[in-house]
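Here it is, the structure, as structure tokens.
For reference, chains read A, B, C and D in written order, and residue numbers begin at 1 within each chain.
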Amino acid sequence: MTRVRGYFHPKTATGDASLIPPPPWRYSGDLLTVEYRTDPARVRELLPQPLELADEDPGAVALIWADWQSCAASGRELLDPVLAQYKEAFAVVRCKYDERTYTRCVYIWVDKDFAIARGLHQGYPKKLGSIHQTRPHPYGPAPRIEAGARFGATLAAADRRLAQAVVTLREPSPTNGFVNGHPMAHHRWLPSIEKGGGLALDELVESGAAAFEGGQPWVGEAELELFDAPTEELARLEIHEPIAAYYQQVGVVWDGGRLLASRVSGAQ
Amino acid sequence: MTRVRGYFHPKTATGDASLIPPPPWRYSGDLLTVEYRTDPARVRELLPQPLELADEDPGAVALIWADWQSCAASGRELLDPVLAQYKEAFAVVRCKYDERTYTRCVYIWVDKDFAIARGLHQGYPKKLGSIHQTRPHPYGPAPRIEAGARFGATLAAADRRLAQAVVTLREPSPTNGFVNGHPMAHHRWLPSIEKGGGLALDELVESGAAAFEGGQPWVGEAELELFDAPTEELARLEIHEPIAAYYQQVGVVWDGGRLLASRVSGAQ
Amino acid sequence: MTRVRGYFHPKTATGDASLIPPPPWRYSGDLLTVEYRTDPARVRELLPQPLELADEDPGAVALIWADWQSCAASGRELLDPVLAQYKEAFAVVRCKYDERTYTRCVYIWVDKDFAIARGLHQGYPKKLGSIHQTRPHPYGPAPRIEAGARFGATLAAADRRLAQAVVTLREPSPTNGFVNGHPMAHHRWLPSIEKGGGLALDELVESGAAAFEGGQPWVGEAELELFDAPTEELARLEIHEPIAAYYQQVGVVWDGGRLLASRVSGAQ
Amino acid sequence: MTRVRGYFHPKTATGDASLIPPPPWRYSGDLLTVEYRTDPARVRELLPQPLELADEDPGAVALIWADWQSCAASGRELLDPVLAQYKEAFAVVRCKYDERTYTRCVYIWVDKDFAIARGLHQGYPKKLGSIHQTRPHPYGPAPRIEAGARFGATLAAADRRLAQAVVTLREPSPTNGFVNGHPMAHHRWLPSIEKGGGLALDELVESGAAAFEGGQPWVGEAELELFDAPTEELARLEIHEPIAAYYQQVGVVWDGGRLLASRVSGAQ
């Protein structure tokens, strides 16, 4: 009687081949955040019921670039860094569920398979993309984290550029923005294997950081551009009004979440 | 009251951003297949209950390289081919469930995100890899599909080579091998979002081609090598005895499968 | 007294590490060609003296996608196909030198380092890009080479799409176009290592295929789009009038060229 | 009379498409250096005459990983960081020419085309590779630069891993090693376009940093492994005796070099 092991596929006798080890998952990285307001109707159309628009500033969007090194409990991925390093760009909005305010990731691109797998678990709607952001450095032409420093960030997928930003830092900030500041409310969806069978998995889940440490956030201005593409809808979140841009270095631990609601055999 | 659209994430008002459109999914491609026998115990350890070893030739393995162009019903992906083309390498074994023989994919690597998404739906345990196989061509130094023709095939993941083969064709064959010739029996697993919560999705599903056309298969010999890697277990399927190697060009349609068994809240 | 070996860098005791082996270089591949007319002034500005505009149809441009398998004399690269396969997209114009008409490649993108190295030798101004083109296939949804068949082709570099085309075949053609039909006239330039030192290498070279075989060319129509990018100038070759589009499968041998003119210590 | 512009190919009316702008080239980056001794005969076989083995410690090798952000005078590449960021791994030895000691890069892999182009100019024998190194970070599981910190580094090319190292820092160091501490003596070679024509370019050039700033170097121990590959010879520089390993963050400017010797029409 065989019992296979592994947190994720492929499951094997030892579990060593699992695309990802079990949480806790630990991260070191740099976050470049650009906040702006769009038409709240464009946010609402991305919120399946029972999620509703946030009461306050419902059209606020944050487009965030992150440059990560990540690992599970043992940390051994850090020493074979192709297994630890990845970059991502993602768009978050806020929403309301059961009278609480949540952050929700509506689009996200990453550049590694283990990041896709963690996203499936956490309900992030991940695709592959090509993501770049200027890194701070203490020597040479790259910027320090200081007033006047400029950081570029770009996103492409399927050989098309989808977004680009240049952020100029102005001063230290008490926060790293507000759109990405709530617990995440995500769906985990998988269609039934049977044609016309609706959803086999239809969960609303909540999660957030189990631990967090971070450096001084900086605030500044961004020039942000979004570009159309046939199979992407990021640019529908049109930029109506800039809010601000932020830079912060952080350490994060993620260690599971909570099921808010589950529905099976629902119409898809 | 919002209703989001899209077969897969991200779900939106239009569904245009969905990582994959709904089936039917259609494929044109070349299959290079290397069959060999391993220790049946190494197959058994990859078969979670209630799957059992196949009655006949239970240690047979096929390692298959495929070079695909794929699309959904409209076929428009073919005209923006970064959205249609992908390569994969995968290992299949046979197993028995409810007195029927099935094929089961135990390891698979692909090089595009839409292929990962289709695999999640179909129960293929996909990772990203770098996959190459010699293509037949009517002119110049590349091989024709004919006696004596030689095709190379390689697989790498996480910057390590995992497998390589050189196949020499001998003669036309009545079959394209036997290991990959049954309906597929796959699991669709996703852990609960809650720590220690077991599996949120634990399905055994069956699927196969809804339509198939193919050219003349050719049979020959392979030199096959498998390489160890810290986060891969393909090489545990040690090569005890070569069976044969095959080459075939095919057209396939996949259009959904059937749920064989489902268990929820199972211990993981 | 050491003598290092190898046709190209890095040179070693054995020569095995050379990025490319010596010619002859042999190619199997598919060519998708889109010909159109631009303002001849945009062609002239890319022709350094003593090259002049071609007498006839001087504004003709061909934008060509090619999907190659390549090797040197032994052919062993074909069996480790990551060393043989590459894709390219390139723009050619015609020019006149010493009363003869030549083809000249003005822009080219490839996706492998060995292709960059061969281009340095041959005078192709290669950059890295991401290149895709629909492949003909005998089964499934991919096109056959026949009337009405449609092939897509795309080019991106530095995460920006630079060009895309959809070609619809109409009928067999006596030619594969005319812009790419002459010997190539290319420059091989390398700046002096010394600041302000002009060029250390400034050669005008001619080369062409040492052997050629090909299938039936097909002609049809193309929808072609070019896109601006900050570090690219392909889109300056504006599309004023379409000519035609072509598809052909070919086998080619390249085995060296001829020095037309050399100038050293020239002002850069 | 047309005059094309651009420091490198492709040369155009504006020069904007040049793969690289003219020096000065400026760099911010992290260097992870592993020094060891090999058989001096293996170094000598890589030194074409008139280069000779260094008088002292002639078998010393440094294998160096570097994670760079780079730009030309304007610095604009830093804001579209796909044009600025690259990684490299390279092996250097020392040699003697005209009674002076030089450093010489014998193998090098990079992951961007602009880095290949700069290498052609500077005489670095660049190939494409996949290079990763752990980055220091002030928060989370990634290491700080401090006693006991561990950094991994890996190199692959053509889908094969060529080298990997794990470095453990011990203490601040007065130097960042000694093998990479001299001016560079490199060859710039290009074969004649004519078959059997020897070399069209055969220069011995010297260059070094025009400006340098750096943080505190740290020294420690490395576990280093080299792997064989059919088209690579790095592993011939066998590890006979470890010396030490180093970590340093630096800023560098490169602004041209000096021609030491030039030979034309030499037998290749």
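Note that contacts are C-beta pairs under 8 Å (C-beta built on N, C-alpha and C of every residue); 3 or more make two chains touch, one makes a residue touch a chain.
Given the structure is predicted, the values throughout are model-derived calculations rather than measurements.
**Student:** Looking at the contacts, which chains touch chain B and chain C alike?
**Tutor:** Neighbours common to chain B and chain C are A, D.
**Student:** Of the pairs C-D and B-D, which shows more C-beta pairs in contact?
**Tutor:** When B-D is set beside C-D, the one with more contacts is C-D.
**Student:** With over half of the numbers shared counting as same, classify the chain A/chain B interface as same or different.
**Tutor:** Result for this pair: same.
**Student:** How many angstrom between the C-alpha centroids of chain D and chain A?
**Tutor:** Comparing mean C-alpha positions, chain D is 35 Å from chain A.
**Student:** Could you tell me the distance, in whole angstrom, between the mean C-alpha positions of chain C and chain D?
**Tutor:** So the centre of chain C lies 29 Å away from the centre of chain D.
**Student:** Cα centroid separation between chain B and chain D, in whole Å?
**Tutor:** Computed value for the inter-centroid distance: 40 Å.
**Student:** Would you give the residues of chain D that are in contact with at least 2 other chains, written as numbers and ranges?
**Tutor:** 80, 82, 130, 132, 154, 159
**Student:** Considering only which chains touch which, label the overall pattern as line, ring, star, complete or other.
**Tutor:** Drawn as a graph, the chains make a fully connected set, so complete.
**Student:** Any idea which chain C residues touch chain A in the complex?
**Tutor:** On the chain C side, the touching residues are 130, 132, 154, 156, 159-161.
**Student:** Which chain A residues qualify as touching chain D in the complex?
**Tutor:** Per the touch definition, chain A meets chain D at residues 26-29, 69-71, 75, 78-82, 84-85, 130, 132-135, 137-143, 150-154, 164, 166, 213-215, 249-252.
**Student:** Chain B touches which residues of chain A in the complex?
**Tutor:** 1-4, 7-14, 16-17, 19, 22-23, 44-49, 51, 80, 82-83, 106-108, 112-113, 116, 120-123, 125-128, 158-159, 187-195, 197, 200-201, 203, 205, 207, 230-233, 236, 255-259, 262, 268
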